[in-house]
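Chains here go by letter, A, B, C and D, matching the order in which they are written, and residues are numbered from 1 within each.
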């Protein structure tokens, strides 16, 4: 049976949960799951309602226009999505393929309800695997002098393929503000370090030199401020003096895969909201 | 400001979330947090609503009688509690005092919003610490031939002290069905093993002999079937060949304290529901 | 540079560490890592020495015969392996391919210093992936009446391919004692449950019904006593009431992959010793 | 039976392990545990040998002078300690008492083989508990203009009490270089943040504002460079949007206690070596 997800946030007032759940009920929906969060400092309500649409096929327009009126009244920022409108996800990757591989594998196992029509890379390495998993492979090299052009080419490709969101699965090029702003809170990056420590390059080598006893990985939405976008998921793993930076790279791969997959799955299932550079993830 | 928690479960039907949240709103409550869970196999809804009662002082009776009508209509099993009616918790303990100590310490730090009027023990060891933390200490020894009598004495003590629920903080006596049935789903036990493995005595020694690489602890509601009541919380910790059974005892203490405290806190905050020997914990 | 690993265990006596490390030094070896463990209950020493062989090429026979004399004197059970003699690993698999895939992937990333000449399966499903990773695929169906025959065929295949050890990467057939005894402590199994709980079939469904709050996976050497062989590695993950048995299957896959890979890597690197159905893993 | 621990590091050369273990054997010692680590980048050997001294009582001087000769030859930095010479530990604390309490409690449970003759605090709050656990309580207030004087007073107190090492169990004053240099690699601090992120004040509030999904704590040796000394142990815990900075404080307390206790225990048992601002912890 088809389902829908309604995500919203707005200034908190009495009766909002009752109002929204009543709206769903009155339009024939049955709530499967409902989550709320009140950000105390802002007195702001965040809400996610997942509901069945048993008798609603054909009348989504009415559902939407009726809700628009409520949203206006309560100054809601909201999004309404349907399970039968599958999102379209593009993957950007450079040479390291463990995250790419992992995403394809999970997709094949039915963990990710999404379409993956295309992969973009500045290298040729991942062509074979991408095509085996039935994603078009676009090799778009990036040089300093051609970067703007290359990005324009990628954006065009995304537009013509109706891409909804982008996963940077260890894509090693810095993206321009123009590019990032084309998909606000829709570009998921994996940083192979435990942010906010170890920003920038070679985080495992930084971790080794500091002699930390724990390393980690962070998935976040990409923003102009490098490695500082809203964090979606993090995970850590213990290390000790006997681990070289290479060991950390190996251990890190496992953590990166998990943390990225978790963020991608949450995004696909409309479980993430962003406010003030922080995420609310309704798990 | 005072708050209330409404926990309920009932056969799932359309509109229940709307109905309950509307009820709260119409009685002047404002929802702080609301959790639902649908047990698919049983088509049963579980719901917990935490709400403020800004203008309700004096009219709780009406709230209760109005809700009773709804509950009857939807065949709800429910409980309604108020933050200004603090629960009264009794602790039973034998010789090991790490859990007792930990609970007192967290209480002192304000982590547990509960009264702890009394401690019952079959030994004298914990008298001093109990009294320091202002709990009456009742030394009630248990011998085979006096067990029924001792239990009766404890139950009387609990009754005259209006005890709401009981924590077995490493209480090493087996309780009779009569005793257990006096507080259904209100006696929290800590088992120093990862249930359902390692039931019964000396679980760390069992774990050592099996050569397991992980040990754990389990907090659960006590039932007649020893160590088989509904599980509330579990935690594990890695061990290896270099750890003796004594090391596991030491490592286990840390895990036991955490797992018991987590269960006690969830119980105090009315976050646990029990159905079919499983718990729903709305965290 | 080539290295060697010497693993041994014997009754503990004074001077053994000095004796063994002196032996290595006198034969031109330089110790890279050395681990000891004394099993107190048995007064038994376990030792693993990893050393470089800078000037020893050509004279391994003398090293071996000299050590044999020491081993006899101290009643040592021992094994001496060389890094330039790569082990040969066979994988047996049925329909679930996540562990198979993961092992191939790690092999490709250089995490597993081993040869994987062949894969045996009672199904045809994994043929393509096995061949892509350059392992011969042998489809050997198993029916009740042909089981003995099929096992004999597999053993012959292993013999003719000089297989050193076997990984059961979710192989869903029960192996006979004859088969298991052909590779004592050389058949690594992954059980998708936290042993010793949840032996046997459908462990995630068992876990769901019990309402446990943690699930896990266990890698162990396969023995006649089903799911009771020496445990090599275990890992757990938190679950709650909102997770269905299917969710646990999904979460379990991640844990299974990690736990199996960890055991396989430790076996390849000669880090595991078995005594009294327990493992010593020198990590 | 009495035991000794020999810790050393020196440029790596062939035969060092054999040499040291032979030395122990020739002086009547029997090795209980022996750990080595080679820091590849520096070609430096680190070694810890834990051995029994069955027949050595009375002749420790000879053991020491004989080893001094070896140490000179191989340019070793080393330390030799005996289990019957208990270390003397001072605790410094301000207002938060959870770490102090935890250390006392573990001490009472026999987890920490150490003497705790005194507690120093700039407040009066912890007097009662310190005295209950039989540590002298010294209240030494610190004001800007009296800081040097106060520190001098503390150092004198430590000297006259033969203090071996110091634990800063949430001591909220910054110590001067003079003070820190009096106990190089012998002052253990707990930082309530996951270093190197969240240095300085109010790390949980920093963590909250960044919206991190994991918080942690770090124990380390205190050095002049605030919160940057060699890390001994770290631990993390998951948080989400529903946790306030106050929740993080509460969750952090549990982590802080564990991480500090682990570091203190490792220090007491002579398991830590420091080199180039990194620790080798032989666990």
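Keep in mind that, in the parts below, a residue touches a chain if its C-beta (ideal position, glycine included) is under 8 Å from a C-beta of that chain, and two chains touch if they have at least 3 such contacts.
This one's a predicted model, so the numbers in the text were calculated from it and none came from an experiment.
Common neighbours of chain B and chain C (chains touching each): A, D.
Centroid distances built from C-alpha atoms place D farthest away from chain A. Centroid to centroid, with C-alpha atoms defining each point, chain A and chain C lie 37 Å apart. Counting partner chains per residue, chain B shows two or more touched chains at residues 37.
Those residues of chain B lying in contact with chain C across their complex are 37, 39-40, 46, 194-198, 209-214, 216, 230-236, 240-242, 244, 277-281, 283.
Those residues of chain A that touch chain B in the shared complex are 14-18, 21-22, 24-26, 30-38. The touching residues of chain A, counted against chain C in their complex, run 98, 101, 105, 109, 111, 250, 253-254, 258.
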